[in-house]
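Once you scroll down, you'll see the structures, which are given as structure tokens.
Two complexes come next, and they have one chain in common, chain A, joined by chain B in the first and chain C in the second.
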Partner chain A sequence: MTTMPAPPTGGHVSRLSRLALPWAVARLGFRRQFAYPQAALWGLITNSFFGLLRVAVLLALFGTRPQVAGYTPQDAITYTGLTQAFIMAFSLFGWFDFMRVIHRGEVTADLLRPASLLGFWAAQDAGRALGQLVLRGLPMLLIFQVIWGLNWPPGPLAWAQVVLSVLLAWACGFLFRFLVNCAAFWSPDAVGFGRFAWALLGLGCGFLMPLAFFPEGFRAVLAWTPFPAMLNTTVELWVGVTGGGAAWAALGTQLGWTVALLLACQVTLRAGLRRLEVAGG
Partner chain B sequence: MIHVEHLRKTFTTRTGRFLSAGRRTHEAVRDVSFHIPRGEIVGYLGPNGAGKSTTVKILTGLLVPDSGAVSVGGLTPWQDRRRHVARLGAVFGQRTTLWWDLPVIESLRLLRHVYRIPQGRWQANLSTFTDLLDLGPFLHTPARALSLGQRMRADLAAALLHDPELLFLDEPTVGLDVVAKDRIRDFITHINREREVTVLLTTHDLGDVERLARRVLIIDHGQLLFDGDLARLQAAYGSQRELHVEFSEPVPDAGVPGLTLLNHEPGRATYAFTGAAADPIARVTAHAPVRDLTVREPDIEATIRRIYEGDLLRAGVR
Partner chain C sequence: MADVRHHLTLYLRLLGAQIRSQGAHRTSFILDALGSLLITAAEFAALALVLPRFGGLGGWTLGEICLLYGLAELAFVLMDILFGGFDAPNLSAHVRSGSFSTFLLRPAPLTLQVFASDFALRRIPRVLLAAAIAGYGLLHAPLAAGPETAALLTAAVLGMICFFGGLFVIGGTLTFWTVDSVEAMNVLTYGGRTLISYPMDIYSAWLRRTFTYLIPAAFLSYLPALHLLGRPLPDGLPGWAALIGPLAGPLVLAGAFAFWRVGVRHYQGTGT
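== the complex of A and B ==
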């Protein structure tokens, strides 16, 4: 039997070079978003159109009232601008990429790479999300700013909290999406399950309506789910509905859900891969 | 390099739905054993569903067998998958590992980080492969815009940048024209010779096998039917040789004792025979004046077709 040189393993590699792979993957995930600029432009136009519609509906809801559930009309406009801006970055309408890779058997190519599967996909999605934020998110905010004017976080601390919250919202959202996609390991028609999950996400994260507008009982139920951490928390921090000590508590909740979802993803992925190893693709 | 002993793998599939659901088991690989030394190119053949890809998946660590022992370069693939896959390369002709929307060079750069290839080594390999495979003209083209031949060349380079010692090739020339096939076969021969890369080639293209493999494994219904070199396969199981004869004048009766007459037109005849050609030629020329004759060798395709069709080897000849 021949001896082969030991493959490089993590042991002697510095922390910095450990980040080289996720960084490189995220970079490609980012760059890939710019491959179809026309599609991005039409997407932006569509999002703007529905943004206008949503603002009109929300303002009609306010009528002559100065405030609804802590939101001023200006807050509601900012809420709409933010949620429209994050549609693509947070994949609020759903994401089937990993599911497709499993169903087509391409996950074998992923497994032939000596790298963490979840880490690879996370890095790729981080790059994708940032690319979409630049392509679709920032122009959307600009459009809202020009037409109606937005509320902006009041100071450096608020900005820092918002940025942190955006990162955590992406992480929670990605892990949830990945978890749902893992259903493909067990079912060849997991797409239906996925659609149900994205419907829950849209309702529970506050995309359809600010969660503050929902009845007390419904909000109490939602508080026990990770969905608000995937969008609503960020919006409330930005708008200023959540502030002071509550802001830190909200960030802590987001962090907690991120950790919990990460564990769930790892356990589920391991079980899915074990099934693949035994039952084949 | 590869040691496989008494490998078995059974799949269970569910049949029917709900109350009528039952289970059916299917033995994909039954008691397969073989050894492949370092630096060899082996053709792994078999009809669809014979157990080829199950074996390859086990060897790459993607499937765990029910029983049997596998050692690849000293590792059990599925027990230490990440370390194992770091040392192998794979090209699946029907799929690409390149990033679809991005220039080819970006995918190749990413591999430097995936496999932690030292910069100098990566650069040296890239320029060697760029020369050998003529990647230059399309390194900066998005993968989606490549022709099939270009894509395959880029995928080959991607599979070899990290200096793997073992390369799995699955249909590496499928759908390519003759020139493109040749270029890929030359490259595989080159890296096998120069770098001692062991190659396991699964293919339906017997041209690939004839050009590349010194040895073939034939599997069907999960069982290894043949393991040996191509010449031995041909000698032992080849169909009969053919003698094509053109007579000087029309011959009413072309029958020659000791030869099987396959075809007869006035003036021409085709005979089948085994062994050396001298004796059949002497018999035919004694029978009638001959203007021209040719001996046609059985082609490997016909031999293998006969093996698949169960004419041979079913009795368990190894």
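== the complex of A and C ==
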């Protein structure tokens, strides 16, 4: 497989119709998430239970301290609620879908579609993420709001920054996951490689602990990785640890990593597709 | 006696087959082993890295937490290796595909075959990490060195292996009836493991009591640890409650196997 499929060559491909396909793919990705409501309910219960334990650990760490590293205990609760809410939307525990498609050779069917491969998967994952946000994220936040009360972004500007940050965190995370999945072009053992990547992601993106709590040296190392852009930045914007000019700088960093990962994905995908051989039959 | 020796030989032979098959794809095996090691390491590192900033967790030092955390992880991963065949995803795959019926047809005890059907060697590195964490705890927690400490800690690990093994058996047995409810067991198994990795006084009273009296998880390691560290037991429980606490594990396991026998009698195959 050496060539990318040609884009649709109709006489007048308007901008709107070029968006029609990704839009349809995203909508299907969204709708697919609602196929197993019972599984989603059980998942929500499990996530809530672990949320309960994580809140207990964080509050015990705080003890009687009113504030640590910019976080109040209420911020720590909000952090926990947000990270538990984004587990599924951001696939924080791992994502092997594209890997599976490569290993099975089904990627050839994707290549026949009149859309870019990366764009097709991005649209599908955007729909999936939004579906999971509605199905698992919002109920999780509601549960946290009812039990402990959450801190919410203070005004329209903060909300706008948070929404922008969520979009960039998804984009960054998706591109990272896609990049890791591309390992399947080179190795049949890519799943093990993926596990490595997700373990690093959990620690580096601030899912396991707010990054602000880590020692200075470790945070300095993490600042050179794209991981904080995939969750921690969003949380810090939401609870207000990052505000003012720093907020725009944080969004800029997220955007920078998104662009860098996009380029890395395109280069890797091109090299991977050049290597790809699929047995017929 | 000869029967026992025969079954043991059979078990070891089945394990040998498992081990050889897992060694067939060496790269994949090593990556899997290191990957699952890294997940545990990352979780623990996150806690260990932030503790110095806070100076402790609800009055517990890093050494004392390592003791609870390491013992719970050690017991859980050993249990996962031993009881892997009963883990709901593995067993339900056999039940749904009908290959569970082949276990019933073989001239060997059913339970023994299920025990030997999934023996995940890739978890060995996690055993070593857990032992290292527990070892750090043993060195840095204020424990009196002596036979009583050694005996109670060993009992705690064995009790937890039985307890979580029992939960795996119950979860696996449920797959004879349904595949859905298995998710609920995850709260008890993985949730329970995480819950007892931390000192239980950090939880609200109702949560702690639920996992003490309704689900006897606190008896396995938390109460023995309190006793060994010279701390008072909660709810005015007498000191001997900590000494016999780990027995809760075998009791849960015995109940689980009784349920397992009911489940096996219920099993009818897929008809294929």
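One rule holds in what follows: the second predicted complex is superposed on the first by the 265 of 281 C-alpha atoms of A that agree within 3 Å, B and C clash if a C-alpha of one lies under 4 Å from a C-alpha of the other, contacts with A are read in each partner's own complex, and residues count from 1 in each chain.
What we mean here is this: a contact is a pair of C-beta atoms (placed from the backbone, for glycine too) under 8 Å apart; a residue touches a chain by one contact, two chains touch by 3 or more.
On a predicted model such as this, the values are computed, not experimentally measured, just so you know.
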{"item": "Partner chain in contact with A:Ala115 - chain B first, chain C second, else both or neither", "value": "first"}
{"item": "First (chain B), second (chain C), both or neither touched by A:Leu59", "value": "second"}
{"item": "Which superposed partner A:Ile147 touches (first chain B, second chain C, both, neither)", "value": "neither"}
{"item": "Partner chain in contact with A:Leu255 - chain B first, chain C second, else both or neither", "value": "neither"}
{"item": "Which of chain B and chain C A:Ala264 touches, first, second, both or neither", "value": "neither"}
{"item": "Chain B versus chain C as contact partner of A:Leu21, first or second or both or neither", "value": "first"}
{"item": "Which superposed partner A:Glu106 touches (first chain B, second chain C, both, neither)", "value": "first"}
{"item": "Touched partner set for A:Val278, first chain B, second chain C, both or neither", "value": "first"}
{"item": "Which of chain B and chain C A:Ala158 touches, first, second, both or neither", "value": "neither"}
{"item": "Winner by number of chain A residues touched, once chain B and chain C are compared", "value": "C"}
{"item": "Chain C-contacting residues of chain A that also contact chain B", "value": "none"}
{"item": "Touch list for chain A against partner chain C, complex", "value": "38-39, 42-43, 45-46, 49-50, 52-53, 56-57, 59-63, 65, 68-69, 187-189, 191-196, 198-200, 202-203, 208-209, 213-215, 218"}
{"item": "Residues on chain A engaged by chain B in the complex (per definition of touch)", "value": "1-4, 7-9, 13, 17, 20-21, 24-25, 28, 31-32, 35-36, 106, 108-109, 111-115, 276-281"}
{"item": "Residue ranges of chain C in contact with chain A within the complex", "value": "25, 27-28, 30-32, 34-36, 38-39, 41-43, 45-47, 49-54, 57-58, 180, 183-184, 186-187, 191, 194-195, 198-199, 202-204, 207"}
{"item": "Parts of chain B lying in touch with chain A, wherever the complex brings them together", "value": "1, 3, 11-12, 28, 38, 54, 57, 60-64, 71, 73-74, 78, 81-83, 85-88, 90, 92, 95, 97, 99, 101-102, 106-107, 109-110, 113-116, 142, 165"}
